[in-house]
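Both complexes below contain subunit A, partnered by subunit B and then by subunit C.
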Partner chain A sequence: MHSALVRVQNVFGFFTTVAFTVATLIALSTFINPQAPSASIKLRNVQVVRGRPHYYSYKKEEYAHIKFDLDTDLFELFNWNTKQVFLYIKAVYPATKPGLPPSEAIIWDAILPASSAPWHQNHYIHPSPKKSSSAKKTKKAAKQAAESPYPRGILHLENQRPKYQITDISGKLQNRTDVQLELGWNVQPWVGALVWTNWREYGVWQGLKGGKSETFEFPAIGAGKKLDTEKGKEGHRLMAGGEVPVGGDKKG
Partner chain B sequence: MADQLLDQVRDAFEGQIDFEGQRLAEMLTTVMLGAAGIFAFLIGFMAQDIKLALYIGLAGTALTFVAIVPPWPFFNKNPEGWLPPHTATSGISIDVDGQKVG
Partner chain C sequence: MIRRLLHEIFPALWLISAAIIGHANLRLVTNCSDYVMVVSSESMEPALYRGDLIFLWNREEQVHAGDIPVVWFDGRELPMVHRAIEVHHEIDTNCTHAILTKGDNNLFDDVVLYPVGRNHVYREEVKGSVRGYVPFIGHLILFVKSWIVL
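So, the complex of A and B:
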């Protein structure tokens, strides 16, 4: 410690130790935060159509379009170390061959930010309940539209359209049975480990109650009409090859 | 003239402190940074605000750098004096590897 340079090195060296120790403590402190998440998913409507994976494709595939109701109470996932929660709903259905694991495909997702997270365009904006939207359209109402009408982690979605239409690796999806919608999440902390959905109890963490729909089946093609995925704001993500598949009646 | 200036610059840059000062600097580093870390966690946890914890930790670290790195006068309160100039009458004998140099 005799010269200034040595003192800089010493102070910085011990600073890294302190910073790492505090970060470890913060990461561990999430495990003493009790949580009891609950959710319910109900199927509203399911249709299967035939379409192309992208515009220039010669191959036709079958796409399932699933509408659902979702009510969640995930408020306790947001503790002081939570940056954001990535919430998703996947359709799970058994494989065609026995012995293979079931297929899973995500039909809807949302990024729920914590209060400490800075604004980002991809953060989920909860649609306002239909009753209040007709009340008055002042500046205040416009401002509220950018915020969720419910507290963090509370969702009440009715007849929600999927973000993604799903297909199978075989390209065939109609008449498949024992399909189930399942809620999942990733809790992304500021420091520490990424935490997946827990179905079991760990200490003060309760497992997720509900979070799975009743089983249903993919109907045959053409049962029903009018298909829409979620559009606008963060719900609309266009990528190359990610275009909405066209109906089966057009030329391929 | 240029040599003198260079010496001053070098002294200011090196910022040497005495032995007691080094002991004090070492102790202050440990105490200040440790306290900053403990306060950062406790206050942040009580306020449930992780950014507050971050800023308290960084502020404490900045304060520690300011307190430790420059050669403040309180690090130089016990300067080590030179040996008295060697004369035949001083009676001090210096031994280096068994050979008398003094």
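So, the complex of A and C:
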């Protein structure tokens, strides 16, 4: 009864029970944190161009380039159990056939870390407001540029370029009506359930106020001026120890 | 003698059958045949690191942009856990909707990883979406897996 092995087993069993209980309590504590998020999105410019937007496009298709303004206050989404918030804006437009759900395509995304999250190259760095871009190349200015000028969850973006140019599966996008930009988030906890955007109220969680733009239409195909996209900071990884793309090893 | 033996092995058998029934119930409730997985690639960093344990749910018929579906093509040894960035319903084939995925840690979308000639994933190839997770624990399972292979 008192051998070393039994003692190790007992300690390990106790550790597992405690760890499981603590993890459950932390996961549940997320839901009792009050939050009242708000956001506003405005369309700035939309162009539809015919070309080959993807690296795999073998034929020309119509793609949309959407610029927008974004103001968010998502500070309260960050509680002690939040590791990061994956924020995204998607363009939602109805299907041409009635009765089908609308199509969705993400045009921009950002990974907002909590202060407790370890640094990662993919973390979003908010661009500095235009007033302070007087290019003082001091160490302090460089350090400030590496940190967001606003508290976490608060974004003020003007005339933001999209990260992705979107296509429809049919290859046709021009002249589609009732398009709307919609904000969405995915809160990644340290442990527990992942949550997405809540539009309705759940207990102490208020629904998102705003977060949808006015409806607009995709215009007819134009010449396409200034179609630069925002370059994300994502690295490129193939799945470690798993799939390689058909056709051999591709890198970058 | 036999009675004593049975008396001793019964608790173990009880535990094993409870685990089997619990596993079968969880498969029914989540509608996934593999409702727990270990993340084995870095393509979803910093949301999901290698060694995290993820819990899946497959009772939501429609996948939305922003979800994290687990895509398992026929004939592939391993599934892919990436983010859905586009969802389209107007498609020619018999499936309900088509999804384009991209890993958070990848610069480009996943079309290069799909079977030849495919630009989208069908809903039927999505085995579930990530709904919960526990960090780090999967390292133990990955370690045991690599140990077994050796």
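Assume the second predicted complex is superposed on the first by the 220 of 252 C-alpha atoms of A that agree within 3 Å, B and C clash if a C-alpha of one lies under 4 Å from a C-alpha of the other, contacts with A are read in each partner's own complex, and residues count from 1 in each chain.
As a convention for this text, a contact is a pair of C-beta atoms (placed from the backbone, for glycine too) under 8 Å apart; a residue touches a chain by one contact, two chains touch by 3 or more.
Bear in mind the structure is a predicted one, so any value in this text is a computation, not a measurement.
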item: Partner with the higher number of touched subunit A residues, subunit C or subunit B; value: C
item: Touched partner set for A:116, first subunit B, second subunit C, both or neither; value: first
item: First (subunit B), second (subunit C), both or neither touched by A:190; value: both
item: First (subunit B), second (subunit C), both or neither touched by A:54; value: second
item: Subunit B versus subunit C as contact partner of A:199, first or second or both or neither; value: neither
item: Which of subunit B and subunit C A:11 touches, first, second, both or neither; value: first
item: Which superposed partner A:26 touches (first subunit B, second subunit C, both, neither); value: first
item: Overlapping contact positions on subunit A, where the subunit C interface meets the subunit B interface; value: 190
item: Subunit A - residues contacting subunit B, complex; value: 1-5, 7-8, 10-11, 14-15, 18-19, 21-22, 25-26, 29, 79-81, 116, 190
item: Contact set on subunit B toward subunit A in their complex; value: 13-17, 21-22, 25-26, 29-30, 33-34, 36-37, 40-41, 44-45, 48-51, 53, 57, 61, 64-65, 68-71
item: Partner subunit C, residues of subunit A touching it in the complex; value: 23, 27, 54-56, 83-84, 86, 88, 90, 95-97, 100-106, 109, 111, 113, 117-118, 120, 122-123, 164, 166, 168-170, 184-186, 188-194, 196-197, 232, 234-243, 245-247, 250, 252
item: Of subunit C, residues touching subunit A in the complex; value: 40-43, 45-48, 50, 62, 64-68, 76-78, 80, 83, 85-91, 97-98, 103-109, 111-113, 115-116, 119-120, 130-135
